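Here subunit A shows up in two complexes: once beside subunit B, once beside subunit C.
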Partner chain A sequence: MSRRLLFLLPLATLLTMAGFFAWSMVSGRDPASIGSVMVNRPAPPLADVTLGPSGLGGGKPVLVNFFASWCAPCLAEHPLISRLAEREGATVIGVAWKNKPDEARAWLARLGNPYRQLLFDQDGKLALDWGLSGVPETYLVDARGIVRLHYRRAINEHDLKDTILPLLRAGQ
Partner chain B sequence: MIPELGHFALILALAVAAVQGSLPLLGAARDDIRLMQLGRYAALTQAFLVILAFLALVEAFVTSDFSVMLVADNSHSAKPLLYKITGVWGNHEGSMLLWALILSLFGAAVAIFGNNLPDTLRARVLAIQALIGVGFLAFILFTSNPFARLAAPPFDGNGLNPLLQDPGLAFHPPILYLGYVGFSVTYSFAIAALLEGRVDVAWARWVRPWTLAAWCFLTLGIALGSWWAYYILGWGGFWFWDPVENASLMPWLAGTALLHSAIVVEKRDALQSWTVLLAILAFSLSLLGTFLVRSGVLTSVHAFAQDPARGMFILAFLLVVTGGGLALYAWRAPQLQPGGLFQPLSREGALILNNLLLCTLAATVLLGTLYPLVLDLVSGDKVSVGPPFFNITFVPVALALFAALCVGPFLSWKRAELWRALARLRAAFAIAVIAMVVTATAIDGRATLAAVAFGFGVWLIAGSLTEFVGRVRQTRRLPPRAMIGMTISHAALGLVVLGAVSTAAWHTELITTLRAGEGVKFGRYIATLGKVEPLKGPNYDAERATIVLTLDGAPFATMTPERRLFTVQQRQIAETSIHTNLLRDLYATLGEGDARHGWTVRLYENPLAPWIWLGAALCALGGFVSLSDRRLRVGAPRRKAQEQPAE
Partner chain C sequence: MRRLALLVLALSALALAPSAQAVEPDEMLADPALEARARAISRELRCVVCQNQSIDDSQAEVAHDMRRAVRERLEAGDSDAQVRNYMVARYGDFALLDPPFKPGTLVLWLGAPALLVLAGTGLLIVGRRRRTVPAPAPLSDAERRRVEDLLGR
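Here is the complex of A and B:
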C-alpha cells in the first residue's frame, strides 16, 4: 500500500502547485508589486517635522508625498494631491526628492502648492529612511504616527476614493 | 479572405484532432486495425490544415494586412521582411499557433516514420498527441484567435517590440518550441506505454530518438536565448535566472535525466517506472513554462499580453495533461515489472546518481522560481529570488554532477570497480587539479569557488576525452556514433562551464562618460571614443559611436555600438558591438549622451565568453551525432529489437 502512495506523490505535488497558481490568479495579486516594509511600522523621522499625536496632523492622519519636478508621473498625480489637500482637507507633506529647491519651488508655483509643509531631500537621505524606490510615492501616516499605506506609484482616482479617503475620515 | 481560410483551416484541424484523439484509442482497445489506421491519416491531415492556417497568418503579416488585429498590433509596413515574418510568432496568438504547428508536425512525423511501431502503440501515441492538439487548438480558437479582424483597419501597424527585431531572437522561439513540443512525443509514448501496461527495451529504443531530438533543439533554443540576452540587453551577462529562463531550464534538466535513464531501460530493462515518470515530467515542465510566461503569475522580461482567462485555460490544460498523466502513472506504474538487477556501484548506479542530481537541480530551480509566489500568498511577504540563491544551491549540486559525470562511462554494467575506473582517470584528474591551482594562484586568489568550478570544467573535457581515447585504443576503431555523440556533449558541457565561470568571475567592466576624442584606460587597452554620428535604419534612427581600442599604442580593435530609436514605438535599444577572437569578447554599448556632456559608454572584456554558446552548440551537435547512429535511426529498431530483446 505504501508503495502505491509513493506513486501518488507526483500527482499530489502537482495538485498543490496548481492550487497555488489558481489562488494566485483569482486573488488579483500583482506580481510586479514589490510591497513595502514600512506599512504598520512607526513612521521614520522626517527632518524637523514631527508626526504622530502631537505632531503636524494634530491628531489626524497625514499624507507624505515624495515628488520631483523632473518626474512626469508626479505631474499627472498633482491634481489628485491638490484635491486631497484643498477639497478633502488632508494634511499633505511634500518631499522634493533629488530635486534642486528652486526648480521644485518653480514647479509648485506654476501648478499650485498643495503641501502644508515642503521638505527637500536633495541627497536622498530621507528617501533611504523611508524606503523609497523612486518618485512619486505616497505614504499615509495615521494619528498615532504609524505608516498605514505606501503607494510605490502615482496614486489614482480609485486609490483616493476606495482607500485613502476612508482612512482619512476614519482617523478624524 | 485568406485570414478567414486560415481560421477555417484551424477549426477543421480541431475537428480532425478530436477524431484522431478518440477513434484510434477505441481501435487499439478493440483491436480494430481500421480505426487504428485512421490515426495516421488524421495526423497527416491535421498537420496539413495547421500548416495552411499558419501560412495564412504569415501571408497576412507579409502583405501587412492591417485589417487583421494581430498584424495591426504587432507589425508595421516599414519593417524589414525578415521581421515581418518573425513577427508572426513575436506575440501571444501567433506563438501559440507556432506551438500548435510544431505539435501537429511532430504528430505527422510519428505517422510517417513510425512504421516500425506496433499498430496499437502507434495508434495510442498518435491519439495522445492529438488530444494535446485538441487542447492547444481549442485554446487558440476560443481565447487567442490570431485571425480576428478589425472593423476599422488602421493605416499602419504598431510595429514589433524592438527587442525582438533581431536575428538571434527571430529563430529562438521556433527552435525552443521544437524542444518544448518535441517532449510531447515523449509524453505521448509514455502515456501510450502506461495504457498498454508495457515499458520494455523496445519501447525505450523507440522513444529515445524523439527525446534526443527534442533535447537537441531545446539545448539550441536555450543557447540562442542566452546569446540574445547577452548582446541585446547590453548588461554583459548571459544568464539572469529570470523565471522564463528557469522555465526553459527545468524541462532541459528533466529531459537530460530522461535521456540517461532511458539508456538503463534500453540496456538493462530496469528503471521503467522512473523513466516513464520523467517522460511525463519533461513535457509537463515545458507546459509549466508556457503557463508561467502567459498567465501573469510571475513577472519576467517576456512580456506577452497577460490575460487571466488565458491563464486559467492553460492551468486547466496543465492539470488535464500533467494531472491525467500522473494519475494514470499512479494507477498503472506500480504494475510495471522491474527487470535487471544491479549493484549500487555500476553503470546503472551511476546513471541513477546522474538522475538524482539532475532532478535535484530541476527541483532547486522550481523552488527558486515559485518561492516568491508561494511566500507572497502564504505570508504576504515580497521577496525576489535571484543569483545569490542559485549560486549557493544550484552550483554545488552541479559540481557534484560534473564530478561524477566523467566516472560513469568507465563503470561497467551490473557491477563495477570504482578504483579501477578512477585509476584510469588519474591523468584527467591531475590536469584538472593543476588547472584549479593555476587559476587560483595566477589569475585570481580571491575567487576560490570560481577556480574550483574552472577546474571542474577542465575535468569534464579531460575526463570525456580520456574515456574516448581509451575506447579507441581498446577496440582499435572509432566507437559507434552514439558514443562519439556522448563524448562531444560531455566535453562541450566542460566548455560551457569554462566560459560561464570565466565570464562571471573574471570579466572586466567599465562604465564611464566620454566626449568625442577622449580616451580612457580599460584593462590592458586604451579606449578612445571617436565620432558619434547619426544613422538612418529601415524603421529606426540611430547614433553610432566609433570606439577605438589600442593595445600598447597600436590600434587593436574598432567597435561601433549603436543606440537605436525605433520611431514607431519610441523605444530605444542599445545595439552592442562585440569583438571576439573566440578566447574573449570585447563588448561595448553606447548609452545616453550628447556632444556637450559626452556619452555613457559601457565596456566589458569577457574571457572565454564565446565558449558558452560554442559549447552549447557543440552539446546539441553531440546529440545530433548520436541521433544519426544507425541503431537509433527511427526506421531501424524493430529488426534489432526482435533479434536481441536485451543485451
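Here is the complex of A and C:
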C-alpha cells in the first residue's frame, strides 16, 4: 500500500514542477527583474531640485523620468510622458542620462518637452543614488517626498491607467 | 621548419596578448593597496544589467559607474562593508553575488541540504525495513504436494 504510493512520487514531482512553471507564465513573474529598494523610501537627492511638501510638486506627486536621446524605448514612451504632463497636469522632471546636453535638448525640441525641469546626468552619478540600471526608468514621488513607484522599463498605457493616474489623483 | 616557427610565433603572440578586461586604466586608483581592495569588492558586486557578471568583469555603463563609486567610497575612507552596504542601499541584495543568509533566503541556503537529509533518511528507513523482513516460513506438506503437482512430477 505505502509502496504503491511511493510510485506516485515521480508524478507528484512532475506535477509540482508543472504547477510552478504554469504559475510563472500566468502570473507574469519576471526572473530577470532585479526589483527596486527605492519604493517606500524617501526620494534620493535630485541635484538642486527639492521634492516633498515644500518642493517642486507643490504638495502634489512628482514623476521623475530618466531618459536619453539615444534610447529607443524612451522614444516609445515619450507620448505617454507628454500626455501625463499636458493632459493630466502631472509635474514631470526629466533627467538626461549619459546624454550630451545638446543632443538631449535637440531631441526634446523635435518631439516636444514635457518636463517641468530638465537635469543632465552625463556621468551617471545622480542615477546611482536613485538605483538606476538604465533608461528609461520612471519614479513617482508622492507629496511627502516618498518614492511610491519605480518602473525599470518604459511605461505603457496600462501603467498609466491602472497605477500612475490613480496615485496622481489620490495625491491631489 | 619555417612554418613551425611561424606557428610558435603566432601562438606566443596570442598568449602574450593582454586579456580582455573591463577595468580601464583611467579608472584605477593610484594607491595600489586601495586599488586591490576596490578590485576585491568589485568582484563580489553584481552588475545590475547583466545578471551573472561582477562589476569587475562587466563592460556595461552602469558597471563602470558602480566601479567608480566603489573607488570614490574607498578614497573617502569607507570600510569594505560600508562600500558593500552603499550598493545594497541602492540596488538591494541583488547587488551582491553572494546572497546574505536571512529569513528571505533560508530556502535558497537550506533547501538543497534539507532535501539531501530528507532523501538520505528515506533511503535509510527503506533499507532498514528491507533487512528486517522475516524469512518466509517453510512450505507445509500440502503446499509441497501442490508444487510437485504443478511441476508435473
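Brief remarks follow.
Note that in this section the second predicted complex is superposed on the first by the 144 of 172 C-alpha atoms of A that agree within 3 Å, B and C clash if a C-alpha of one lies under 4 Å from a C-alpha of the other, contacts with A are read in each partner's own complex, and residues count from 1 in each chain.
We adopt the following convention: a contact is a pair of C-beta atoms (placed from the backbone, for glycine too) under 8 Å apart; a residue touches a chain by one contact, two chains touch by 3 or more.
Just so it is clear, the structure is predicted and the values come from calculations on it, not from any experiment.
Using the contact criterion defined above for the overlaid structures, shared-chain residue A:35 touches subunit B and also reaches subunit C. In the superposed model, A:54 makes contact with neither subunit B nor subunit C.
Within the superposed three-chain model, A:8 lies in touch with subunit B and out of touch with subunit C [touch as defined at top]. Once the two complexes are overlaid on the shared chain, A:122 sits clear of subunit B and of subunit C alike. In the superposition on chain A, contact of A:133 is made with subunit C only, not with subunit B. Within the superposed three-chain model, A:156 lies out of touch with both subunit B and subunit C [touch as defined at top]. On subunit A, the surface patch touched by subunit B in one complex and by subunit C in the other comprises residues 32, 34-35.
Contacts from subunit A toward subunit B in the complex involve residues 3-4, 7-8, 10-11, 14-15, 17-18, 20-25, 27, 29, 31-35.
If you check the complex, the residues on subunit C that touch subunit A are 48-49, 51, 61-62, 64-66, 69, 88-92, 94.
Those residues of subunit A that touch subunit C in the complex are listed here as 32, 34-37, 98, 123-125, 127-134.
Contacts from subunit B toward subunit A in the complex involve residues 273, 277, 280-281, 284, 291, 295-299, 308, 311-312, 315, 318-319, 322-323, 326-327, 329-330, 333-334, 370, 373-374, 376-377, 380-382, 384.
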